[in-house]
Each structure stands twice: as structure tokens, then as C-alpha cells.
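The next block holds one structure in the form of C-alpha cells; read it before the comments.
Labels for the chains are A, B, C, D, E, F, G and H, by order of writing; each one numbers its residues from 1.
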Amino acid sequence: METVYKKSEMLTDATMHYCPGCTHGIAHKLIAESIVELGLMDNCIGVAPVGCAVFAYNYFNCDMQEAAHGRAPAVASAIKRVHKDVAVFSYQGDGDLASIGMAEIVHAATRGENITVIFINNAIYGMTGGQMAPTTLEGQKATTCIYGRQVRSENGEVINGNPVRVSELLATLDGPAYIERVMLTDPANVMKAKKAIKKAFEYQMAKKGFTFIEVMSGCPTNWYTSPVDALNFVKTQMTKKYPLGVFKDIGVEAK
Amino acid sequence: METVYKKSEMLTDATMHYCPGCTHGIAHKLIAESIVELGLMDNCIGVAPVGCAVFAYNYFNCDMQEAAHGRAPAVASAIKRVHKDVAVFSYQGDGDLASIGMAEIVHAATRGENITVIFINNAIYGMTGGQMAPTTLEGQKATTCIYGRQVRSENGEVINGNPVRVSELLATLDGPAYIERVMLTDPANVMKAKKAIKKAFEYQMAKKGFTFIEVMSGCPTNWYTSPVDALNFVKTQMTKKYPLGVFKDIGVEAK
Amino acid sequence: MSEKILMKGNEAIAEGAIRGGCRYFFGYPITPQNEIPEYMSWRIREVGGDYIQAESEVAAINMVYGAAGAGARVMTSSSSPGVSLKQEGISYICMAELPCVLINMTRSGPGLGGIQPSQGDYFQTVKGGGHGDYKMLTYAPSTVQEAVDILYDAFDKSDKYRVPVFILGDGLLGQIMEPVSFKPMKEMPNPSTKDFGTTGKHHGKERRIVNSLYIEPEICEPKNLQLQQKYKLLEQKEVKCEEYLCDDAEIIITGFGTVGRIIRTAIDDLRAKGVKVGMIRPITVFPFPGEVYKKYANKQSVKMFLDVELNAGQMIEDVKLNVEGKKRVEFLGKLGGYVISPEEIIEKIMEVIK
Amino acid sequence: MSEKILMKGNEAIAEGAIRGGCRYFFGYPITPQNEIPEYMSWRIREVGGDYIQAESEVAAINMVYGAAGAGARVMTSSSSPGVSLKQEGISYICMAELPCVLINMTRSGPGLGGIQPSQGDYFQTVKGGGHGDYKMLTYAPSTVQEAVDILYDAFDKSDKYRVPVFILGDGLLGQIMEPVSFKPMKEMPNPSTKDFGTTGKHHGKERRIVNSLYIEPEICEPKNLQLQQKYKLLEQKEVKCEEYLCDDAEIIITGFGTVGRIIRTAIDDLRAKGVKVGMIRPITVFPFPGEVYKKYANKQSVKMFLDVELNAGQMIEDVKLNVEGKKRVEFLGKLGGYVISPEEIIEKIMEVIK
Amino acid sequence: MEKVKVDFEACKGCGLCVMACPKKIMQISNKSNNKGYFVVECVDQDACVSCASCARMCPDSALEVSK
Amino acid sequence: MEKVKVDFEACKGCGLCVMACPKKIMQISNKSNNKGYFVVECVDQDACVSCASCARMCPDSALEVSK
Amino acid sequence: MESRIVISGFGGQGVLTIGKYIVYGGMNAEKEVSWMPSYGPEMRGGTASCSVVVSDRQVGSPIVTMADAVVVMNKPSLTKYLPKVKKGGTILINSSLIDIKADRQDINVVYVPANDLAAECGSARSANIVMFGAFIKKTNVITYENAVSVLKHSFEKKPSVLETVLKCFEKGFNLD
Amino acid sequence: MESRIVISGFGGQGVLTIGKYIVYGGMNAEKEVSWMPSYGPEMRGGTASCSVVVSDRQVGSPIVTMADAVVVMNKPSLTKYLPKVKKGGTILINSSLIDIKADRQDINVVYVPANDLAAECGSARSANIVMFGAFIKKTNVITYENAVSVLKHSFEKKPSVLETVLKCFEKGFNLD
């Protein structure tokens, strides 16, 4: 019998601490598989965030640095400057990347650092127990907006404000070579996501500039749903605000 | 004889410390005049940045708060939450707003805070003596890129990276009601700039959301040019990277 | 005082602040203090205030600066790494002399460290985590009730001296549930009328400027001297300290915050064994109750001090500065998120009295 | 030692670092240290290194974390408000035990304050500006030459102990021009080969992980104890201190950094008047040369100490902790950006000996 | 021979593979593993077409598919 | 009567008004003020059309224009 | 008198709630009380536990390292907390889910098939209430009447549920 | 022997350069030296100044509060630094730009029409060199030969300029 699918050798044997059905695990696999397929296993440094993926350094089978909350792009930029031919990626959640780390991601992107950033948008602060994230949808409940996110009051005063579309924002910059938003809702989309991540690493190794994959994910625990319902929510609700697609692609030839 | 133009009463008698020909002074006048014309003289709080305009609190004839470097949007947001019907504006340079303060400006914008931000883009760190700013043009010299800003090396490695277009970036967000880029190069453009600033305050008072005017300015001192040449540089060079225009305008009716 | 209700420390502290007049809260999630912003996010709107989940701790502290400058009663809370990020803002607030309340539910450091209780941020808080010579009126409550009572009056104190009130708590204080009772809501205008706050309404009269820039030594020196004067005043007026069974004590055990309650148990048990121990527990760690230590350092009956902290030895420096070598000062520390037990203290005492 | 050349303190320090092996620099402009990043921006590429003008001090310190974790010799510099912003990152670096060199050309605080020289960040540096129990090997050079020599060896020291080397300077040290000579460039691989640095090349062998998370007390406590051990070792091995004319001194004047050179002038002038004064100048402020103070505190001939600082009294606590009440300790401070003059020190001495 | 192998200790019983399987042959069982999760099982190995959809969706790499 | 009045102590001699004036009647003079700046002057008040272009451009509000 | 108690199980088994019931009972009896959850980065499915202290004097440390009584609702909790029962103390073990025995002779070991008993009462999710009943009986930290009044008060607004709850409680209380 | 000197004027008048020439001269003479600029938020057109110390012993404070010699190139500098000249010290005043007199009897006051003399030499921008010449003559902080060699060294790469520079220097040195 021929093996069709098995655990990637780029992942360690450690059991992941993620909740049942949390798509952080899927995202990890896609990165791991891409690295293996591109032959980068022995040429790769990852940067873990502060967020549910804080222990990512236990799972990726390569050298890893754990960064301060939101600062992974700065850490990754510096690592890349030291090891210019090594694949460097950061892995960050929406609280980490889109809230506290907004300056760092924008500047790594505009500088055009040859790094790959995997952005897990699950519309919530997972690790700290479900507070509103910058990407929480209007109407969505979180522990710091228990009645659901409300943008403004009727008389125009700000309550929770609007969510941020990070891919669109970064696409206005000249540094990024490739930006795509994907989701992990079903096998077909998982495979698309994988393709995007792999392409991002390819661009990075070709020194085309900054690459960024926004991965829409579920957080069953803090959304108080089943894992399957969480993915349905991603598919039916999140895509309304965060449409899938390529937001920037300078092409294979460009430098 | 009828007075056609005189110093605005919204400006104090203090002599400004700006260098000869520095357009910070013009920008100050436009804000002052707009406030007077909208009858907001007794209903206005300004937030000064860290940058050459750090002493702005000495010049605007209203209550003022001096903010930490880059944090003026956070300070202004909080002031506005306390005094919901008072006009609140921040005044910030490109180092302040587009570098260290990137997270704060993006988040005040996406929340849609009812404040007006005047963004002085002079493509340099003026106050600290001419270091490269996030908006310094490719090829432009600064004390931290003495051979001229170079984005990447020939083999694709990042040197100084690309400049940021802030208005375009903020325009991807839902919170802003009005974003325009203007320049202070000649009387006609100064009048356009004034119109934009005034409109921003009008939108603010109508609680339409976040308003943002990017004012392209010269820094004769750190560009090592005459004031007149500085404005020529703005007109002929800066506009190539930073085109004038309205990047967002939700219109007068929208809420 | 109303009836006692069971409440988590973090939530009780938030409610205490509300009762004491807090009307603005700017925070960012971090364990173990999340219940404070979570509670505030809905509660503060009920009393006509406002809440922003800031984009970061840096933004949060600068929002505090903004709202405090605008005359409001405002608070923020965080835990160790988040508090480190606030240091620049805290220094600004102190120089601009803005009243506000700041909370650190300390966790174990350094770095990302752990999220269990720790007292590793004593130095940061009372010596100067931020730049320059500043101090904050800093309380280290031992129980939830004490914390609530301190919060209730914190805004008044803060307004009185135009100095931030800092609550140096830890994960234990934040996460414990204890019965607590609340005093009635303080009445006050919102934003409270303060004579320095920006309102936008002062044209014609003198403008109000909130600022921390004093660029020339000619003005920066007097400003600093004035601040130092104020800190002296705090030292005269605001010291708070618990002394427990010190009168006949041969050994004085000392510690701050939640360690105090553990010391108390140890003392009761030691007394039951006939060991004459007492406790000095600074309730304010700045101003530090140096005189109390001096008093006992000079007392014949006192043989030694034992300082107990959930860190590598921080407050012990302030203890020693006041004991001035007159008595031995021993240290018992606990690191990494472990909370010391009464048994460990008792064991240490038995060891040192041998 | 080559010929002496005239150079601004900031630039000389940058060159000293380059000679000592610095190959990466991440900075953000702030007065009075701008010449360091400016010099580095072109110079470091000449020696095969790299430079980023970071988007902020927060980014800069985290870039240091990244590059140091990747095995490089890396440095950053800033001044007071910027250093406050780095406190979280510094705490991370200390927990992850990453070698690097950090500089603070202190200006007057608190808040935006002023840009003139100050020593108001002593506490922040040596007690803990960031959260948790950590220490840095901290030098306070008095002259440009001394600074250059310290920088030359700073990376070696930092690598040896896996502890950041911190240079506590001030605006005076940064802005002064003095003649200085440089030692030849140290040879080393870039990035230098360190046994902990991430390289991406370790598959198969043990992975390298750079981390400051120790979530369980079970691992966080031993980690902290190990750090404390290391700091003890620094206290044993790395104390550096200048003693000047202390042998027969009746009054010991003490101060750190640039104040030391001013004290020296005062001492020479006082000696000329027949007043027996000497100086203790800690060159390392952590580890603090406590034993030196103890020695003179115990000496009959010494009548008192005078501590001189450009702040409201910070190092004086470390002085007192070692003098332990055995001798009087007087303080002479200067705030707000003024630099104290020898005359003021002389005047104070004449006043106290009356 | 099993086409789909479940690593019982790795499985967290999340059900994503159940959702993903086009043949509807994955089911959450009554068996709980050491961590207390009710693990998934393939109820009809023969029906499996080895498409690996289940395995691709599994966050915990608990599935191995052969053909 | 002067249509264009220059506040000599406010003027920094930057020349922006000179550039802006459609009538080319503003000129940097040889007179320096207390701060040492060579201040501007209007060399032909009669030619002035009171368009205020000069004043609008002046960063230091040193010009007052009447008609 | 001071009772130091640990209650531990999976998240979702209601272990924190048992702790709160005990604390409310303590308050009713005018004792000093404290309740302290373990808090950690454990995600859903991880272990949850709390320390409860009921005392005649002010509660010093609310963290229970050595317990007078321990309630364990799942296997990992038994392994973890068995060594932390004081000599002469009591451990209550949810034998519905824990198939191993407690290997200590110096303490009282009580096996409670809590899930099964709860299921018998028609409320599979109320195993924690059964445990609470058994705990009250075996430890006497609070009285029977007190415990019942706590439950009545807690389910004041859900009278339909209360009946089953009390049934579960009785099952536990009347065990063997 | 220690000479404590302040040189002050507008930014752009070359005052910092005068200070550096003195320092280089001091180094040539194997003295201890320091040069310290005033640094502040002043923008272009503001005042610039530096403190220079040339000494036989290690330089303590490089900041000159009371000066042995002061050079002022513009009016605001005269007002600011006149009171800071030590009794018996020297002040050199650029009388081309400063139309008032120094109102002190206890010091040596030297008026140098530096701009005019520089213009005479055909280099209006070299007023600072004229001042340097005058300073050397009046203070003797460094010798004539030393000063000339500093200038020669500084303009090594611009021999065309050097000639005028030396002319300006001589003008200043040979003043009255």
C-alpha cells in the first residue's frame, strides 16, 4: 500500500496544545508541508507569536524564535538580515499582528523584507480567553463586547469601531510581492491555502520581497461553537467582510 | 481700507520656532483659520506631536495636549471620548505618524474616531536633524541614508526599503470619512489645502468618522535647499510618489 | 457597607473603581487581569463612561494620558510585560502631573515568563521603570476587600496630589474569589471638573496646556524640584502600613501585597508554637513606611527581620535602607510563579532561630 | 593603540563597537544620540554588517532580540523616552539570555523632559525598568576613551555571560568631542558562531529555540534561579571601579559616569586647598562595587561620603546599602539637564566640613 | 488493510474529518483516549477512496491515509 | 497707504512671499531684524493688487494685506 | 478550624462550580472563605481545578498545596492530586470515569460513580452535583441544610432544574 | 593651566569650526582638550555655540559656565555670554555685526570687524577665520605656528582656498 497522506516530518512529535478542531493545527501542517516540498527543511527559521500559537516552537521541526507580542515581523526582519539566504517566516494571530503589532507588520511589509508572514485571522483573542480582536465582525460577541461588536452608536459616537482588513491594507504598499487571503474550511480550500503558502516561500527564496498569507480560521472555544460550525461561520460570515483572493502578486519575473 | 488678510486670532502672539520658510507655519495657519471660520474657537482641543511641531501648543490659541512620540491619535481618541462634542485634532509629522505611531493612526482610523488628523509629510525627521523618514523618497538623501535612499540591492536584499503612502493605506479602512492629500507649494494649493482641512473639521462635527489630511511640506533645513526650492521639490518630486487627491469621502449625508 | 458578595478580585477591583468615580477605562487583554477590562467593557457604559479596547498597552497608557488630561477619572490595568510597555507613558503622566489609576496584576517574569503570581515588578514600580525621577502613590493590597477599599479612594488621592495611584497586585489577588462589600457610588460630575483639564471651552480665559516638555534646564530643573517636593509630601502624609503583633516580637517578618496574608497565617501558627514573631506589611510601598522599620530596628527586643517576597529580593533594599545594618535582615524569596506557603515561612523562621 | 583622533563621543562609541565586532545595528532617532545610528548607517555596511532604521524603539529592541538570537553581534542605542519603550524587549532579551549591547545616552526626564544630560535613568537600568528579576552588565563610562574601550570588549563580555551589556551614558558623553584612539578591528565570523543562535541549518541535530516563555512554575523557577546565579557570578567577576586618592581621604566623593570626571577636577582643586578628599567611581553600576564602599565605610579615617548625581538621588541607595549607616552619606544632586560644576561640588564640600 | 489509520492518542474528536469525508465513513466513537477525548473511527475501510480529505482537515495529524 | 504691511520682527526672510507675488513686488531687503534675518519689503505698494498670495504663503504670519 | 480543599477535573465538568457551592455554604455559615481557580494556558479539554478554603480565621494562602479534602473528576486529576491529600484527609474519586484505585492507606478514599448516578437521576451533566452531595456527607465542611439552601438559591430562577439537582445531591449525599 | 572658552554665534557662521581649530591646536601641543557643542531644539537661524577646554590635566567638565575667553559672532551671543567671562578674561566681539559695546571694565574687550576684514580678503564667509586669528593673538591658548599648521592641515585638500584662509587668519592675528 502506498501512503497518500501522513504527518509531515517538518512537524515534531509533540502533541499540539490547541483545542479540538482548532485550525491552527491545519495551518501548521500547510507550512510544514510547503517547507518540505521546497527543500527548505535544513534552511529555515520560524518566529512564533504571543497568542495561542505561542508554543509553535514546539511543533515546527526547525530553529525557532519566540517573539514578544506583536513584534514577530521585527524579529523576523532582523533574523533575515543576519541569515540572508535562509527561509524566515513568522506566524501570527490577529491580536498579535493586527492590533499591538500593526506598526511592525506595516513596516516589515513596506521595507519589503524577504520574509513570509502567515497571519491567522480568527476574529478573536484566543489565548487570553476571547476578547474582541481588530478583526472581530460587527455583531460578533466577545468578552469585551458581550452584546456583540457595535461600530457606532445611533448618534455617531464610536463604540467598538470597525474591523480591519489587513491584506487590503498591506496591499497598498510597494514592499509586498505577494498577498493572498485563504481559508481552512474544507479540503479544497485547505489545498488552495497550501498552494498560497508554498508560493509565498518561493517568492521569498527568489528575494522578491515581502509575502503575506492571511488564513481565516475558526476558534471554536471562544466562539462557543463546534469546530464544524466554526468553519461554517468562517465560510458564510467572515468571507463577507474578508473576501478570499490575491491582493498583490508582482509575478514571477519581477524583482 | 479693508483688511484682506491678517494673522488668525486662533494663533497666539508667540513667534514660531520653525526655520525660515518651513511650511509647518502655513499648515498652522490653515488649521487656525478653519477653526475660526467654523466657529469652533471656543470648542476645540488640539494634540501636539513630538517632532518639529512639538511646541505647537504654544501657537494654537486653544486648549492643547502634548502627546508622546507617535501617540497623538490615542491621546486624541481618549480626549474625544471625554468631550464628545468638542472638535479634537492632532497634528503630526511623518516620523511621528507613519513610523513609530503607525499602529495608533491605523487604529484611530479604523475605529472611526470623530477626530481630525493633520499629517505633515515632509519626507524627513526634521526635529532630530534629518534622518530618513518612512516617506523619504527613493534616492533622497538623509543622515541615515547618506548616499540616498536605496530600496533594495541589485541582488534583491533590502537596504532602506520603500516609502509608505499613508493616505492610500488608511483609505482601505472603514472608519475614515474623509481623506485627502494636499500640498503647500503655492497660493492656489494652499487654498485647496485650507478647504480640505475645513471640510475635515465639518465632517468631524457631524460625527461622520475619522478625517485625515495629508499635507506635503518642505524641510529646507534638512533637505539643504532654499525654502523656494523645497517647495519645488514637493511639487515636482513628491507628487510622483504621493499624488494629490481625495482618497476617501463618504459624502455629506452618510453617517 | 452593604452585604458581602463573592467576587473575583479583578472584578471586585473594577467595581471598586467604578464606585470611586472611574468613568474611563482603556485596556488591552493580558492574563491574569483580563476580568478587569472585560468587566469594565460593559459596566462603565452603565454609569455613563466610556471604554476603548486599545490596540496595545502603549496606546492604552497614552489614552489614559489623553483622558486624564481632559479632566476625567480614568484607569488602565495590565500585567508585567504590558506594564513594561507602558513605562514611557507613565513617565509622561508623572511629568504632566495627571491623576489616574494604574494596575499591575503581576505575573512571573522576566520576558514572556509565566502567568502565575509574582512580585517581580516591585523595583519597576517604586524605583522607576520609566525614565527620569518620578514616583507614584503605590498601594500593595493584601486582600480583595483591601483592594476594593483602596480603589474606592484612589481617584480622590490621585486628584489631590495630581499623581498616578498605582495598584501593585499579582495574579493571586486578581484571580482569587473572596467575599467583599462595596461602599455606595461616589457622586461626581463626568468628566469631573478639574482646574487643569482641557475642555476646549477656555478661550478668552487662560488656555490649558497638558505637557511634559521642559526643554530648557531653566524650567526643567524647577519642575523637577517641584515634583520632588510633592513626593516628600506624600512621604509625610500618605504612608500606610499594617503592624501585626510587633509589640513583643523578636522577629519581624515583612512582605507586601498578597504575601502579607500568608505571613499572617505563618505568624499565627508560629505564635501558637510560642515563637515571638510579628509582621510589618507596607500597604503603600511608595511612600515606603521607613519610619516603622526604623522604630523596630532600634528596638531592643527585635532580633532580626525576615523579608519574604515572590521575587529575587527587591523590597528588601528598602527594608535594609531603613534598618541601616542595626539588625540582621534575612530574605526568603520564591520565584517563577510559585506562591510561598505559610509552612515555608515557618520552616525558614525555625531555621534562622536555630 | 593607534594615534589619537578627535571624535564626537557618539561616533567614537559607534566605531568602538564596530572594532569590537558589532555587525548589526537597529536604531531610531532621538537626541542626544543621533550620531550613533547615523554613523552606523553607512559604517556597518563597510564591514559587511547590516543596519535598519527601525520604525520605533520597540521594533529596534525586538530586532536586537532577533539578530542576537540568530547569533549576531548586535547593538542598539537610544535616549531616555526611547529606552523606556524598550523595557519589555529588554526583559525578553534577559530571559532568553541573548548577548547584545544597549546604550542609553540619558537626557533629562521625566516625560518628554529636555534633551540635556541627565542621570535620571540609573534606577531604570540597574534595578529593573522592565518586569521581572533581571540584571544587565552595566557600564557607566566617564570619558570617551573609556567608553570606546568598554565597547571594544563589550561584545566579548556579553557573549561570555549571555547577558546584555548596557552602556549608561548621558548627553554629555554623547556630544563631547575628545581625542580618542582605537584598537584594531577584532576578527570574527559574521554572524559569529554561537552555540545557541538560530541558523536554520540544524535539522537532524538538536533544534535551536530562542525563547523567554517558561509557563509552568516548575520550569520558570529553576530558570530564574539560574539567572540569579549568573548575576552572582557577575558580582564576583565583573566589578570595575576607580578609586582616586582614597587612601588618606576623610571625605569620599562618589558618582558615576561623566560626573566622575567633574568630581576629579573638584578633588584636585580641594586637595590643592588641603582638603582630604578622594573618589570612588563605579565603572560598573551593576555589578555594583559594594565591597569598595564597605571597605571605606569601615575605615577610621573616612568621615563621610558625598554622593553626586545628575538626578534626585538614585545610586545613593546602593551606596547607603553598602555603607550601612556606618558613615554619614550626603547627597548633591542636579536636576533638569544642568551639568554640575566642580565649583558646586567644592562648595558643597566646604559646607559639609564646616 | 486499513486505508485510514487513526492515531487514537493524537485524535481530539473534533469531527472535522467526519465533515470532510465524501464517503461519510468517519464517525466519532464511544471510545475515549487517555486525555478523555472520544476519538474518531473509520466505520467502513472498504468504502474509503483514499482521497485524504479527512487527513488534510485533521488539525492534529492524527490520520494517515494509504491506497 | 500700505496695502502690504510687513511685521519686520516676525519675518524670517524666507522668500516664499517673493515667489508667490504675481506682481513681483516683494523683495528680500538688506535690513536685518533683531534675530538677524534679512526681512522682506514691498518695493511697489501701488502695483499691489491685494491678492494676498504673499500673505497666504507666509509661514510666520508676517504679512497683512488690505485693499 | 480550616478546611483546605481541591476540586479538579476536565474543563466543562463543573468542578469550579462545586468549589463555589462550598464557598457559598461557608459564607452562609459566617466562615472566612476563598476560592482560587488554577489558571493557565490550557485550552478547552484541558484540566481545570480550584482551591477552596473555609476557615474560622482570615484566609492566608488561598492556594491549597496540601489538602484536607480533594475531589477528582477525571484520571489526570487523580494522578496529580492524590499525593497532595494530607494524612488523614479525604479524597473523593469519580469512579464513573476513573478506572484506577487510589493507592494510599493513610487517607479516606471514597469512590463515587458520579456520572452514573447523575444519569440515573436523568441529568448526565450533573455529576458535579452528585459529587457535591458526597463531599458534604464525607467532610462536613458545611452542613446538609446549608448545602441544600445553597443549591436552592443557585437554581432559584430555574425551578424546573432544581428538582433534578436536589435529586442528584441526595444521591451523592446518601451514597452507601 | 586650563583655558575655558566659549564661542557663539548664528548657526552657519562657523563658530563650531573655530572651536575645533582651537582643539586641534591643543592636541598638537599635547594638551588635554575637549569640545562640546550646545545642542538644543534650535532650528536653522538659531544660536549655535560650543565650549572648548584646553588644559594641562584631564578635562573635568567640558561645559564652560565661566569662561577665560569668549568669542561672540552675533548680538544675542554677546548678551548671553558677556556675564560669563571670568574677571580678567577676554571677550572677542564681531563688531561687523554687533553694534553695541561690552559694558564691563574687569575684562579685556576686543572688537574685531570680522566680516568686514574677511570681505577685504575676498572671502566674506571666512569671518570665523579672522576671529580665530584674533583669538590666537589675544589669548595665546595655542601658538601662532600651531594655529597656522592646524589651518594648513584642515585645508590640505583645498589648496586654492587655503591661501585666502591664511590671509584672513593673518588679518585677524595682526589686528591693530
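Just so we're on the same page, a residue touches a chain if its C-beta (ideal position, glycine included) is under 8 Å from a C-beta of that chain, and two chains touch if they have at least 3 such contacts.
Computed from a prediction, not measured in an experiment: that's the story for all the values here.
Contacts with chain A and chain F are shared by B. Set against one another, A-C and B-C show the most C-beta pairs in contact at B-C. Put simply, the chain farthest from chain A by mean CA position is H. Between the CA-based centres of chain E and chain G the separation comes to 36 Å, rounded to the whole angstrom.
Computed centre separation for the pair chain E/chain H is 86 angstrom, with centres defined by C-alpha atoms. Centroids of chain D and chain G (each the mean of its C-alpha atoms) stand 55 Å apart. A separation of 41 Å divides the Cα centre of chain A from that of chain G. Among the residues of chain A, those touching two or more other chains are numbered 18-20, 22, 54, 66, 68, 81, 99-100, 102-103, 106-107, 111, 134, 160, 220.
Along chain D, residues 31, 55-56, 58, 81, 88, 92, 96, 112, 115, 211-213, 215 each make contact with two or more other chains.
For chain H, the set of residues that touch two or more other chains comprises 40-41, 45.
Chain B meets chain D in the complex at residues 50, 54, 66, 68-70, 95, 99-100, 102, 125, 128-129, 131-132, 134, 143-147, 160.
The touching residues of chain B, when paired with chain F in their complex, are 1-8, 11, 15-16, 18-26, 28-29, 186-187, 190-191, 220, 226-228, 231. The touching residues of chain B, when paired with chain A in their complex, are 81, 84, 99-103, 106-107, 110-114, 134, 151-152, 155-158, 160-165, 168-169, 171-175, 206-209, 255.
Contact residues of chain B toward chain C in the complex are 41-45, 47, 54-55, 57, 61-68, 71, 74-79, 81-83, 86-88, 103-104, 106-107, 111. On chain F, the positions that touch chain B within their shared complex are 1, 3, 9-10, 12-16, 18-20, 37, 50-53, 55-61, 63-67.
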